[in-house]
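The structure that follows is given in the form of structure tokens.
Order as written gives the chain letters A, B, C, D and E; numbering starts at 1 within each chain.
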């Protein structure tokens, strides 16, 4: 049934409604409608049986992978809605979030490079706006920076896509799979990877991430941490794994190097950050590297691992940023470590959620982040890349320190910062992310099983 | 041989445009005189027929001023762009049925690209740059405002213009201007099938050439000439060349799209029919200038976006339904 | 013109765009340079479409143009808003966020 | 077809040359008496005080509307041209596209994007 | 599940006890924690009374990982240690400590109990890291002025080792994937691992690094002095008594049974390292004047002793090390707890030579201090002696030079322990100003010490209570990797040897 792109369709219809409602200035109603549309979309993605046949001449491949991505994107979207994007709270914000989620869903189901492009832009355009939505200088700067870099990245992607099309006369992965390796296609693939790795914030395409993460309103940062990565990961999985394009395997070693580089760079620089959003920005660089570990393995296991880690990372980042945002109080001020001082005594619940998120990001056992790393390590070791596995371990060790420093503040007893009570929305986000983080870390069996089926399915195409 | 034919056609077309610019201007002044119960230029030559020549010479020998703060390159570039865009469009408009000369079939147009209408729209859009850059480069408040206004106005009306042409494309099944005329030969002229788009097209055409009642960018009373306040000499004149050539061009386009181009009863040659029809529209231009007051800016924008655009959209949809379901 | 020649031209355009982004400091100019990269891609798409005799490439080029238009809409809005904030356009001034 | 474009190109070059030559005519033929006051911007005789400032953001809005909708309209041209061959399915697909455009238009209208005063 | 329910109950008590603290009024936190740890101790004793049990719940079937637990092998002694030490720690905890403090203490109990019972490598890893968190937070939150830095060093060194070990864990788990078609992390499956060559070597290195940091063993003890010194005394007791054993336990249940094949050729190097630990610790202990540091380095030395037992790869050495872990854990825990009381009494002063004569003012504490100090150094009749004897016996069988070193250091141990006792308890009577006259120790604390002492005494006279039960199971666990050890044990490697184990 989702063979008919129902999740995407639902979202599109919802988007139309939200836009009109927002046009009338009823922001609150728009929010509710958007949430409803997101839930409906996720329900369609996860409950309706997968169509698992190419749609629109191979432009879309709605299968279980797309279901996973849909679910994650919706999660990010709901979090963003609940956190209330944008300090100015323009009524369009929910519509923008919805559009971005739609972009991620399109990426999840993309069956051709052209669809990937459309998805990429659908995801990026609203984000450019959302990032700048606070309309403070910082917001605007971040928005412009993101826009410029994003445009360049899309340019890389497009040119690569055009080269591939010029060589094989088609955009679809199904056709790409049938080709033998050719130099021009390789060049094209390289450019395509460049564009996609940018979205994952992989070194050397990472420059934007810390700035944008810091400069964006906190809810938007939280959204980006999960949704953009979900979309980019899905696209990379499709390009690398789905097609069996013989040349794709050649990229594995390079991707492995970039992964190691990103992990180490991201974690090392996360270590020295005071601003918590910037910290997450660097950790996003590292997380991109982790995701790339799974992709570099070029295996079912690697893709599963990437998806699992993505879910864990996204939840962790959302939880982390939510607490940071609430603690910072004023939306325009960047939340620093000091804002968390003594949180464990003032707001034990928030501290618990924050602790779980930070530990998950650091990869401490019994949180989702830990099993995500185990998953990735399995993929790397099974693919015969123990060096990469060691890089993952070393990166985790450095990253640990980065998350530890804010966590230390949470338990400091000398002086407690004033932290407001979280509003119902953020509180709900915190509860859900905490529970899911714990669930992923303690009882991952069903998820692993499900992911295994999802990944195996499209490899068998 | 082809090259020679092309050269001849280009020379003829440009000469025609320059001459007709001059005499359109003369005709306008004379007509305005009649409308306003006065004489208009009637001293230089018989009935003032040499007046344009005198004007041109005067302009040529005036001092060419460059405002102190102006951006010299852009300031000089702007009128060039205006004239270039105005002249450029006419290359794709067929002036008459293909002529047969010494066994050769010679189409009466300089160029006939497959999607000529798009080329015409594209080239005419370039004209905006001339006005905006002129306004910006002058470093004068009036000029800037005039330039910006003209940009806003022209692009707003261009949208409605584009939509109003959709119906014609559907009916003709081609964006080639020759084909469109030929289609009208088969199916009848389009103006009676597309009366509303015709009205919209002509109105927007008037606005595109910054003519009354849409001459806000120049608005002598408030903007002292608008974007060309700081210009003098031939550069000043060039904006007028552009404006009048534009009048001719959009009239030609209107005729081509809605009134069968060069088609007409056989007792006159096609080219003459074409020129006659253009003449009628130019008369309309002048008539409007003599009769109508200038619109306020907000009225103008409202008309473009909220009246003309939706109307032509709806009409285009109707046409689409008719064409697709026939 | 052959597809190869067009591709070469497009590659040059692409390189110019990329260089523009890397070298220039004015966001507006950088943005235009980046758009040039897009247009280079569109050019290749159209040429390849002719080469293969399939309309897919042209449709894609259309898509690219449409996306570019949307992007310009957003980009100009952001850049204008930034401009209003600081009355100067220079990437070096965008330094509030280190990076 | 290529011939058409070559002809167009030649014509455009001629037109451009004409425009350029024309634009420099006064510079060559006309007198030259520069002066400080002449170089000032003309503001109906009043000495200009402030430099040219900014203009209303409304104009940017117009530009962006145009950009978005004009591309949408241009996208309709091939569709319109081929419509007679596409029949009902073509009509419906085009309508699908139009729905999105109209939606955006309606939104912009409702949100007050077309309020010009 | 069946007979393993006792283990689940035990883990449940710790975890739910910790979580339930949120609902307990702050004033009652200490009482509640004591009750929880008491209940846990009760369950441990019941488990000890019963034959070994084993149970398993599905966890991540796709990875061949399950929630497997057992009380066989070396588990029970260490479970006993956990059960005994935690009530002691709680009793000796500072009165002002809030709920959060006790929360971490109970979490430590949970993590340690989980670590010692699990039979799945992934789960083992999880608990191995989880043990660190309470240690870190307790140290950072309630330690001295240098505690945050010390805590950070503690955590980073340990976790760096752990993270590398995680790569090894995965390597082990995947070692048989080609045969099984999926990874396998269960201990049973891992016993059959045949990791050799480079993979075996660096996997061994990864595990060694993690376990040696955790123990700690020379030269990876960098975090130890600061952490032990800065932590509040009960927490130091927890570190020295319980957490350090996790590293050695790892060698015992992971390295020997799964990587024995890779370890055997390089075992002499491991013995050498352990010997250096032993000697270095002892010599440094002799030179330090801070009472707490003396005990700290003594502990380092004894960790070396236990490691020697393990790396002797003999049944006697392994059994001795197991016994020694329990004995040393209790004894050194007691020493640190009493040191804490003294420190409190002297207003934080603990430099040998500047305090002294405390035995006169608090004879009961003086007695118990002497008792536990003697237990640490292995006085015959106390549990430590039996353990050290077995270790030396094992060393004689395999590597007599190491045995000679061990014996020599035992003499040194007597020297520094007595120096510590004399410096604190006897010595000159004049006190620095501000030292209160009496020692504010309650009767409950003395009883608690007495209970610990009783256990040490009991095991001293009846070491077979541990060795007879743990020994054969340990030998059996390494039968595929280290056949030589099995030969030394002269016990048939048949299931009958672990006859007590029930499903």
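Simple rule for what comes next: a residue touches a chain if its C-beta (ideal position, glycine included) is under 8 Å from a C-beta of that chain, and two chains touch if they have at least 3 such contacts.
Everything numeric here is computed off the predicted structure, so don't read it as measured data.
J.: Under the touch criterion given at the top, what is the topological distance in steps from subunit C to subunit D?
T.: The fewest touching-chain steps linking subunit C to subunit D number 1.
J.: Common contacts of subunit B and subunit C?
T.: D
J.: In terms of C-beta pairs in contact, which two chains are most connected?
T.: B-D
J.: What is the chain whose Cα centroid lies farthest from the Cα centroid of subunit B?
T.: E
J.: Closest chain to the protein CA centroid?
T.: A
J.: For subunit A versus subunit B, what separation do you get between their C-alpha means, in angstrom?
T.: Chain centroid spacing, subunit A to subunit B, equals 52 Å.
J.: Just curious, how far off is subunit D from subunit B if you go by their C-alpha centres, in Å?
T.: Comparing mean C-alpha positions, subunit D is 14 Å from subunit B.
J.: Would you kindly tell me how far, in whole Å, the mean C-alpha position of subunit C lies from that of subunit A?
T.: Centres of subunit A and subunit C (C-alpha means) sit 25 Å apart.
J.: Please report how many Å separate the Cα centroid of subunit A from that of subunit D, as a whole number.
T.: Centre separation, subunit A to subunit D: 39 Å.
J.: At which residue positions does subunit C touch at least two other chains?
T.: Where subunit C meets two or more other chains at a single residue, that happens at 70, 77.
J.: So which bits of subunit D are touching at least two other chains?
T.: In subunit D, residues 63, 70, 109 touch at least two other chains, as defined above.
J.: According to the definition already given, which pairs of chains are in contact?
T.: A-C, A-D, A-E, B-D, C-D
J.: Would you mind writing out the residues of subunit D in touch with subunit B in their complex?
T.: Answer in residue numbers: 1, 3-5, 7-8, 10-12, 14-16, 18-20, 22-23, 25-27, 29-33, 36, 38-44, 48, 51-53, 55, 58-59, 62-63, 65-66, 69-70, 73-74, 76-77, 80-88, 90-91, 94-95, 98, 102, 105, 109, 114, 116-117.
J.: Would you tell me which residues of subunit A are touching subunit C in their complex?
T.: Touching subunit C: residues 114, 117-118, 121, 125, 128-129, 132, 135, 137-138, 140-145, 147-148, 151-152, 154-156, 158-159, 161-163, 165-166, 169-171, 207-208, 210-211, 214-215 of subunit A.
J.: For the complex, which residues does subunit C have touching subunit A?
T.: Counting only subunit C, the residues touching subunit A are 3, 7, 10, 14, 17-18, 21, 27, 30-31, 34-35, 37-38, 40-45, 47-48, 51-52, 54, 56-57, 60, 63-64, 67, 70-71, 74-75, 77-79, 81-82, 85-86, 94, 96-99.
J.: State the interface residues of subunit A toward subunit D in the complex, per the touch definition above.
T.: Listed in rising order, the residues of subunit A that touch subunit D are 16, 19-20, 22-25.
J.: Please output the residues of subunit C touching subunit D within their complex, sorted ascending.
T.: 62, 65-66, 69-70, 72-73, 76-77, 80, 84
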